[in-house]
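Heads up, the next two complexes both have chain A, just with different partners, chain B and then chain C.
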Partner chain A sequence: MTTLGPQAQAQVVIPPRTRALEGGSRLEWALMHLAFLVVTVFFLAPFVWLFTAALDAQAAPYIRWPSQPTFENFVRIFDRYAFATALGNSLFVAGSTMLLTVVVVSLAGYSLSRIELRQKAWITYAVLLLQTMPLSATMVPIYGLARELGLRNSYLGLILIHSAIELPFLIWLMKGFFDSVPRHLEEAAWLDGRTKLRALFEIVLPVARPGIAVAAGLSFLSAWAEVLMVLILIDQQSMKTVPLAFYETFRTAGGYTEVQYGLVAAMAVLYLLPVMAVFFATRRLMVRGLVATTRGL
Partner chain B sequence: MTAVGAGAVRPRSPSATTAFRRNGAYVAGLTPAALLLTLFFVGPSLWALYTSFTNKALVGLDAARPRFVGLDNYLRLFSDPDFATVILNSVVFVVGSAIIGQFVLGLLLALLLDHAERRRYRLATVAYAAVLLAWVNPTLIAGFLWVAMFDFFYGSLNTGLQLVGLPPVDWLGRFPMLAVIIANIWRGTAFTMLIFLGALKTIPTDIYEAARVDGANAWRRFWDHTLPSLRPIAALALLSITMSTFGTFILIQTLTNGGPGIRTETIALYAFHEAFRSYAIGYGSTIAVVMLALNAAFAVFYLRWSRARA
Partner chain C sequence: MAKVEYDDVWRQFVGQERPAVAGLTLDIADGEFLVLLGPSGCGKTTALRMLAGLEHPDRGDIRIDGRSVVGLEPKDRDVALVFQSYALYPHMSARDNIRYPLRVRHLSTAEQDRRVARAAELLGIGHLLPRRPAQLSGGEQQRVALARAIVREPRVFLMDEPLSNLDAKLRTHTRTELKALQVELGVTTIFVTHDQAEAMTMADRIVVLDAGRLQQLGAPDDVYQHPANLFVAQFIGSPPMNVLPAERDGDTLVVAGGWRVPSPRLRDEKGALTVGLRPEAIALADDGHPGEVLVSEPLGSEVIVNVKLGDALVKLRTTPDVRPEPGAKVHLRADPAGVRVFDRESGVAVT
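Now for the complex of A and B:
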C-alpha cells in the first residue's frame, strides 16, 4: 500500500467504511443477479465462442459445443502456418521490449522524481501530453520515417518502437512509485560510497518492486498484443510475429470464400492465453497502478 | 531537457556544485527515454508536418523527388466532401461508444459492483472478471470475435434472434456504425468501471450515516452524496476515454474497414487509406497532422483543466 504514490497514500488515511450490509430484499437479490447475468453473458459470450470454436474442427460462427472436441486446429496452425516461428519471434520481441522498457523507465522515472530543475513541471507536462498522442495518427509518418531510416523489417526497430509506445505512461507511473520511496535510503547508500547508479539498483529499486512489476507486465502485454506497428513495419515472412500471423490468417482463412473459423480461433487462443496469464497473475497490482495513475491526472 | 546551467538549478544542498553534480546524473538518467520519445513521438510528428507540405508518394517519381506544394494538401483536404463525412463519423463513434456507451455502462457497473460487494454476491465477481477480460484482450482478437458475432447467416447474435423468433439483422451491412460502437463498448467499458470503482471506495461512510439519520431514502442519498463525489473523476474519465476512442483504428479496420462505402470511416482510417491505397503519403501525412492537432488541442484542454482542479 505504501508504494503507490501520494494519491494512494492519502486514501489510506480515510477510515475504511463498513463494507458488509445485512441481508437485502429478495427482489433486490433477483434484480441484481439478473443484471449481472446479462453483463456476464454480453462480455463472456464472444470468449465462449472463441474457446469452443478453437476445439471444433468444423467450427461455425455461432456458439455450439463441438461434437468431437479436438486439438486438430492447433496441430494445423503449427503444421501449415508455421505458428511456432511466430510464437518464438513474438516472445523474443516482447521479452526484449520488456527488458529495455524496465531499464529505461526505471532510470527515467527515478531521475524525474529526484531531479531539481525549474522546468521540472514542464517536463512532466510534456510527458503527459505525449501519452495522449494516438498511435493511429503517427502510424503513417512512422512508416515513412522507418522506410527512410531503414528500420523496416528489423527487430531492433520493432523493439525500440514497442518500448517507446508505453514509455510516457510508464515514466509517469514509475515517477509516482519513486516519489514515495524516502530519500534518506539512497542518501545513506551514497554516504557508504556507492555511486548513484549502484544506489538506485541496490537500494531504491528493491523498494519500488511493485512498480517494476507493473512496468514489466504492462510493457510485455503491450508489445505482445500491439499490431499497428508490426503491420506497417514487418512484411518478411520469417520475421512475422503472432499478431501479424493472426491478422493474415484472419484476412485469408477467415475471409469470405472458405471460412475456417476454427483455425483462426486456435491462433487467437494462443495469442490471448499469455495475456490472460500475465494480467490475472498481476491483476491487483495492475488495476491499482492504473487507477492510481489516472486519478492523479 | 534544456541546458542545465547553474542558473537552472535550485540549490538545496549548501554548495551549488554538489547540486549540479546531482542533477547531471539525473539528466543522464533521462537521456535514453528522451531519445526514444524523440525518435518515435516527436520525430514522426515533425516529419508529418514537413511531408504534409509536399506531394511525397510511396511509388513513382514523386517518391524519389517530392516537390514542395505549400498548402495544396490542406486545401484539398478541407474541400473534400468525404472529409466532412469522416469527421462526422468520428464524432458519432466517439459520442456513441465512449461518452454514451463506455461511460454510462461503466458507471452503472461500478455502482452495481460496489453495492454487490457489500452484499457479498458471488456472481458479481464473475461479471467483473468478464468485463476485465474483454479489456485486456488484444484489440485484433476483439475485431475477429465480433466479425463472428455479427455474421449475417450464422453469427451468434442472429442465431440468438432466430431462437426467439425474430428475423436476422444485417449488422455490418445495414447498421455498421452501431456494430462498431457495440464492439467498442464491449472492449473498453472496463476502464471507466475501474476508475469509478476506485472513486466509490474513497467516499467516506459517515456522510451516508448522517443522511440515513436525517431520514433520506436510498435514492436521495445516491443523488445528493454519491453522484457529486464522483463528479471530478467522472470528467477525467470522460476526457480520457474520448481521446483513446478518437484514436481507435484496428477494431474498425477488422470489422468494417471503414465500409460499407465510407459509413464507418473515421479520421484514423482515412489517413491510413489515403496514404496506402493511393500511395500519397504527403496527403496521408496531412490528415495525420490534422488528427494530431485535434488531439493536442483536446489534450491541452484536458491537462490544464485537470491541473487547475488539483
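Now for the complex of A and C:
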C-alpha cells in the first residue's frame, strides 16, 4: 500500500473544467445560450401559434402574424358551435369531480395514515398499484358498466369516473400529508372533548390545508383535461365537454378536408385559461404542499 | 378532583417482545401530585396514555373515582393532558387554543371569556393571547398549553414531560411554578418525567418504573434514602449512589480496596451482597480507610471528590472549602446510618 506524502498532496489541483461555467470563452457562452434559446422556442412555439391563430380569421398550421387581428373566431365558436355549453359542462364536471375527490381522499388518506392494521403496507401498495394500470385498458369494461348502470350521457357517470382516475395517487398524496401532521394535535382535541370526526374537521384538515389544495388542484386539472372517458361515455351534443367539442371541431368543422385552424385555436385558448386560473389561485399552497410531500417520502 | 386507580394493568405493543407496562397497580389519592419516573422506554408514557384513553390496556382496570374508564373515549374521561410537544393548534390564536375545550362544552361566551381571562392571569400570559403558536417561544407555548389544560377544570391533570423542551433555567423556574399551581388548584396530577430532579422537587410520591414494571413507590425522601433495589439506587440521585461489591466479615462488610464498612443489621442473607453508599454518607476524616484522590469537582455549593479505592471509584460530597488536590492521600469514613445493602444477584435491598 502506498501513502501520499506531502509532495503528492500538493499536486492535487482543481480541475480546469469547472472554470468553463464561470467564465469560459465568448464562443462557449454563445453556444450555451443558443442551446437554451432553441429549447425554449421548441416548447413555446405551439402556444405562440395558439394565440396568433386564435386572432386570425385565416389561420394556417404555421405561425404567422394575423394581417387583421380579430375576435371573429371566438364569436363563431360561441354562435355556431355551442361552445358555451361545452365550457359549462366542463366546469361543472371538473368542479364536482374536485369536490368529490377532496372529500374521499381526505377521509381515505387520513384512515391510511392513522389506522393501525397488520396488512396496512399491503393495502397501501395495492392502492398505488391501481394507479399504474393504463386507463385505456379499462375502456371496454367501463363502457359496458356505464351502459348497464345508465351512466352514459350522464354528468354523474363522468364525475364518478373522473374522480376514480386520480383517486389512488391522491390518496397516497394525502396519506403523506396526514403523516406529517403530529398525532398529538388530534389527541389533544379528543381530550378537549371532541369526537374523532370533529377533531379531523376542526384540527387535522385545517393543518393539512396545503395538501387539500394540491389534491383539489390536481383533481380539477385531471378532470378538465380528460378526453378518453368523455369520448366513450358521451355522444349527446348537449353533454359534450370542452376536449370533445374541441376534437370534433378539429375533425368536422371544415368537412374533414379543410381544418378550421382559427376555430380550433380559439377553443384551445379558452380551454387553457381556467387551467391557468386554477394554477395561479392555488400556486402558493401547491408549492408548499408539493415540497411537504417530497420531504415526507 | 378525583382519585385514580390502576389495577394490574398490562399493555404489550404488537412486535415488541416484552410488555410496555406489566402488572401496574397504583392508588393515587385525590389532589396528589404523583410522578412517574423512569428511563425512556420504561412504560411511563404508556401508563399515562392509558389513563387518557389514547392507549388501551390488554388486561386490568383503570378507575377514576371508583368508576372504570377503560371502555370510555378520551373525550368522556374528563382528564386534561399536557403534551411534551405542547400540541397547540397551529391555526388558532393562543386565546382560541385555550378557549377550545370550553367551546366544545358549549359554555356561554361570557363564561368562556371569564375562564380564559382567569387562566391567562394565573399563568401570566394575558399579553400573548392574540398570537399564534408559531409566534410564541417554547416557554410561552408551554404556558398556553397549561392554560388550555387548567381552563376546563378537569378531574385529573396528566403531564407528559411538559418541561423537557425548555432550557435549563426556565425548566427550574417552571418546575417551582407548576408545583405551586398544582397546590393552589388541588387537582390530582400525574406527571411523567425521566428527570429525577423534577421528580424529587415536585412529587408528593414518586413511582419508579423500569422495563414496564413498578420498582418502587414512595415519597421522594423515602425513595432517595431507602431505594428498594439497585436500579432505583442508581437512577435517583446526582451523582448516583456508590455501588460496591462486598464480602461479609462478622459485623462489617469489606468492599473494594479492603475498606471495612459498618454493617447494618441484616436479615439472614445467604447470597453475595452489594453495598450502596450515597455520596453524602461518606466523609473525609483524619483516620479511616486510606484512598487517593483522582479529581475534585467543585459545584459551587458543594464539591464532589472522586477517590480511587483499589480498582473502584467512589464519589463523595464535601463542603466547598474542602477541595483535595488530585493525588492527595485521604481517609474515608462511612456513616453507619447511610449504609444500604442489596442482594447482588437480584438487586433487591436487604436492609
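Just a few scattered comments:
Methods note: the second predicted complex is superposed on the first by the 248 of 297 C-alpha atoms of A that agree within 3 Å, B and C clash if a C-alpha of one lies under 4 Å from a C-alpha of the other, contacts with A are read in each partner's own complex, and residues count from 1 in each chain.
Just so it is clear, a contact is a pair of C-beta atoms (placed from the backbone, for glycine too) under 8 Å apart; a residue touches a chain by one contact, two chains touch by 3 or more.
Here the structure is a predicted model, which means the values were calculated and not measured.
In the superposition on chain A, A:Gly88 makes contact with neither chain B nor chain C. In the overlay built on the shared chain, the residue A:Arg118 is in contact with chain B and with chain C. In the superposition on chain A, A:His184 contacts chain C only, with no contact to chain B. Residue contacts after overlaying the shared chain place A:Val207 against chain C, while chain B stays out of touching range. Between chain B and chain C, B contacts the larger number of chain A residues. In the superposition on chain A, A:Pro69 makes contact with neither chain B nor chain C. When the shared chain is aligned, chain C comes close enough to touch A:Asp192, but chain B does not.
On chain A, the surface patch touched by chain B in one complex and by chain C in the other comprises residues 116, 118.
By the touch criterion stated above, chain A contacts chain C in their complex at residues 116, 118, 182, 184-185, 187-195, 203, 206-207. Touching chain A in their complex are the following residues of chain B: 1-2, 4, 8-10, 12, 19, 22-23, 25-30, 32-34, 36-37, 39-41, 43-45, 47-48, 51, 56, 109, 112, 115-121, 123-124, 126-127, 130-134, 136-142, 144-149, 151, 154-156, 159, 186, 194-195, 197-199, 201-205, 233, 236-237, 240, 243-244, 246-250, 254, 268, 271-272, 275, 281, 284-285, 287-288, 291-292, 295-296, 298-300, 302-303, 306.
Within the complex formed with chain A, the chain C residues making contact are 14, 52-54, 73-75, 77, 79-81, 83, 85, 87, 89-91, 100-101, 104-105, 148, 152.
Those residues of chain A whose C-beta lies close enough to touch chain B in the complex are 11, 14-15, 17-21, 24, 29, 32-33, 35-37, 39-40, 42-47, 49-50, 53, 60-63, 103-105, 107-108, 110-112, 114-119, 123, 125, 127-130, 132-145, 160-161, 163-165, 167-168, 171, 196-197, 221, 224-225, 227-228, 243, 246-247, 250, 254, 261, 264, 268, 271-272, 275-276, 279, 283, 287, 290-292, 294-295, 297.
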